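Consider the two complexes below, in which chain A is the common component and chain B and chain C are the respective partners.
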Partner chain A sequence: MSESIVRALKCRECGQEYAIEPTHVCEFCFGPLEVAYDYEKLEGKFTRELIESRPQTMWRYKELLPIDGEPTVGAQNGFTPLVRAKNLEKVLGVKELYIKNDSVCYPTLSFKDRVVSVALSKAVEFGFKTVACASTGNLAGSVAANAAAAGLESYVFIPHDLEQGKVLGAGVFGTNIIGIKGKYDDVNRLCSEVAGKYGWAFVNVNVRPFYAEGSKSLGYEVMEQLGWKAPKHVVVPMASGSLCTKVDKSIKEFIKLGLVEDNGTAIYGAQATGCSPITKSVKDGTDMIHPVHADTIAKSLAIGNPADGYYANRVIKESGGWAEDISDDEVVAAMKLLAETEGIFAETAGGVTLGCAQKLIESGKLPRDESIVLCITGNGLKTIEAVADRITKPRIINASLKEFDVLAEADGVK
Partner chain B sequence: MKLRVYLTFDEATVRDPIIWKLAKEFNVITNIRTAEVKDHMGLVGLEIEGDVDVVEASVKWLQSQGVHVEPIEQNIMEG
Partner chain C sequence: MSINVRIPTPLRKLTDGADEVAIEAANVGELIDNLEAAHAGLKERLCDEAGEIRRFVNVYVNDEDVRFLDGRKTTLKDGDEVSIVPAIAGGK
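After this line comes the complex of A and B, so read on.
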């Protein structure tokens, strides 16, 4: 391992720098803190050959992730498939389409395993014994599982009326689950107070600057898997908007380090219409995000006042991309389309990404003759209720060959 | 306790001196740390310091005035 190139935490608003500590907000202006690196220290040392010589996990890019030494949590995470989507290309009428398939991310089948493994590795470095999060689904499962594997105590805060399947998805790992009664805003604020009071690593509060950096690994992988090339267009689902900004950061870092050439990559954001504050700001040509009350089946994207909305908006505009939103019906239709054409069962957020991409292609915002990458961030088995009523029902027959023959003949089977 | 929040004002509330009223109504210290105010919307980063009960009551009062109150981390509850 070469010397760490992490320099400081830097305020995204006023530029004030802070030592590497579990802190996340600028004391001067309340701006969010981000990890800053001294990239020049890597010049000539961080090469394609070095990366390719390492195990196929997200940690093959560890110099660009904010930990010291080796990861202690989630050492196997990441390096999910980049699938050339030939069947979907035909349906959409595009020349070159790829799916970055984080629906099979290890160990809990969502891209949250990337951010959580960085947050928890950093938490261990800082000496925390307990980690925590507040979540309605993917994040809860990922924190619970990765904490269990690392031998950390964990607390997971959920809304008290969360669906049983999602409670199970975290509870099975032996975490402490706390169900909180109240409206979203009240639940959210309580979590902020808990995070401020207890000496825990709250993954998206006091260790958020490190947590968020984990998303960059998705971007690095895409570029390596494309044969060390940046894509022309990337479509990213947006909740807080963080993934959008980190994919952009990953591309800029690889260009800076000479690992890929600048391909003028444009970033596109996808939201469900029932919770689309970032898309609305892009379409309205403003940079102010108006908070909304989320009402969509795409629960993993249902953040009404996204913390990184302003920054996602800026990345989209500066990169030459755009943002789109689709209805819940269109989300389900896109989930089915992805499953039926490419054999990939994505959660609702995946439907949002594909459905928005379709709309962007039809409107001409996404060109048909250049490479497009769709980021699929979670597994459909977690949101089966969204499609349960729309899938083909089995045709029931008795255990009789004659009955099957009739059915096969009706299907035109010879 | 010291609570750090973002207040979002909409078109109906953006012209009212709500933070002044808050300090009159409750025994809290208010400290504006950042603000952006436009015709139809305002965003203020505010510290509210006082006893736990009083701070929590002051947040409820702000909400009753039509102000959206969020922790500065905004969306802690994620998917």
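After this line comes the complex of A and C, so read on.
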């Protein structure tokens, strides 16, 4: 691989630059640090042909991910399907709709495998032996699995009342799993303090600037899969708001590098009404994010004090997008709609994304005749509690042809 | 009233490496002023020019974000625990 184009960590607020180290906040203003690149070093070298010649993983874009050399963790991760959603197009009355389906991301069925692969590869570079995270579930599973495969020790911190699928989906990898009596925001605060005391790589605390960059791979893939084109509209679920900002960054980078043309892509954010501080700020026309006490079945989005809320708000406004929120009932209805029309079982966050998109289409914020991409970021099998009561139960019969004939007749089957 | 204040890693250069300091104060605003008196430079890190707690700083009193309490006017009593935590962490 050619020389790394990573220049420094740069404060998003005051612009102060720092060396590449496991650190995430500016010492001067507490602003978030972000990886800065010297893109001109890639001029003429990072081409569509080069990318297409590489294996179908997120690492085919490795020049734009902040590690040195080859990934040591999660080399197979990413490159999920982009599905043309013909059936949903009819239901929603839109012309061109795609699902970016990270509910089948390798290896733990959520887009978190992208960020963790970058964070843990970087942690190994830094010489860490133990990795950790604060999580609403998906991240815990991904850190646990990828750490196991990489031979790293791991500690994952989760709210104590998460869905069983997420608790089991982390615990099975032999991680140290800690349930905190409190909400995600409490877990997060504790982890900030633990990270300051123990010498671990917390993927979403002290190595967060590197971790967050992994989300860009979702955006790169969408553009390549659309035939090297940026979509007109992208709908993204928001918890901390990070994904929203990184999808935007991925598009700007591809434009800068001449890989796609500027299509004026608008970014839309989706939240559940029970935890919608970012959406509220957009609707209120302010950039002040007021923290809330989260209360929604979309637990993976239940971050009441969103770290990137301010930046997500800005990306949405500057790109010409909008933000929406829906009730928990609408979340479940949208999960079922996605499953029944496209055969994709998304977790609650996927219901939030589709449900908000529906609302945005109905209100005219999302035009019906331009390309729309919905980002589905996690798998429904991890949040079955949310839909269990609303799903058709099996009809129980004996192993008897006669009994089935009766049933079939009742169904009107000829 | 003596209040225990937990100091985050990025600010420990200003507290000679201490991760916890004891400060006398009756409310959060006073606490920040007295922190500044004991460890010069802390206030400008925590507050903007108008004296408001910065966007990316969370201050907790006994595990509750002061934004949910009375902000800088939040009263403190002997034995209260205050945590200063960078806001930037977590999430998707």
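To be clear about the criterion, the second predicted complex is superposed on the first by the 400 of 414 C-alpha atoms of A that agree within 3 Å, B and C clash if a C-alpha of one lies under 4 Å from a C-alpha of the other, contacts with A are read in each partner's own complex, and residues count from 1 in each chain.
FYI, a contact is a pair of C-beta atoms (placed from the backbone, for glycine too) under 8 Å apart; a residue touches a chain by one contact, two chains touch by 3 or more.
In this text the structure is predicted, and so the values were computed from the model without any measurement.
**Q** Applying the touch criterion given at the start, work out whether A:N146 contacts chain B, chain C, both or neither, answering first, second, both or neither.
**A** After superposition on chain A, A:N146 lies in contact with neither partner.
**Q** Of the partners chain B and chain C, which touch A:G137 in the superposed model: first, second, both, neither?
**A** first
**Q** By the touch definition at the top of the document, which applies to A:A302: first (chain B), second (chain C), both, or neither?
**A** In the superposition, A:A302 touches chain B alone.
**Q** Between chain B (first) and chain C (second), which does A:L243 come into contact with in this model arrangement: first, second, both, or neither?
**A** Second partner only.
**Q** A:S371 contacts which: chain B (first), chain C (second), both, neither?
**A** neither
**Q** According to the stated criteria, A:Y184 is in contact with first (chain B), second (chain C), both, or neither; which is it?
**A** both
**Q** Classify the contacts of A:C29 with the two partner chains as first (chain B alone), second (chain C alone), both, or neither.
**A** In the superposed model, A:C29 contacts both chain B and chain C.
**Q** Please report the chain A residues shared by its interface with chain B and its interface with chain C.
**A** Of chain A, residues 13, 24-25, 28-31, 134, 136, 138-139, 184-185, 187-189, 191-193, 195, 202, 204-205, 208, 239-240, 290-291, 300-301, 303, 305-307 contact chain B in one complex and chain C in the other.
**Q** Looking at the complex, which residues from chain B come into contact with chain A?
**A** Per the touch definition, chain B meets chain A at residues 1, 3-6, 8, 33-34, 36, 38, 41, 43, 45, 59, 63, 68-79.
**Q** Which residues, counting only chain C, touch chain A once they are in their complex?
**A** My answer: residues 6, 8-10, 13, 19, 45-46, 54-58, 60, 63, 65, 67-68, 83, 85-92.
**Q** Going by the contact rule at the top, pick out the chain A residues touching chain C in the complex.
**A** Touching chain C from chain A are residues 13, 23-32, 111-112, 115, 134, 136, 138-139, 184-189, 191-193, 195-197, 202, 204-205, 208, 215, 237, 239-243, 290-291, 293, 300-301, 303, 305-308, 310, 377.
**Q** Where on chain A does chain B make contact in their complex?
**A** 13, 24-25, 28-31, 133-139, 157, 159, 184-185, 187-189, 191-193, 195, 202, 204-205, 208, 239-240, 288, 290-291, 299-307, 349
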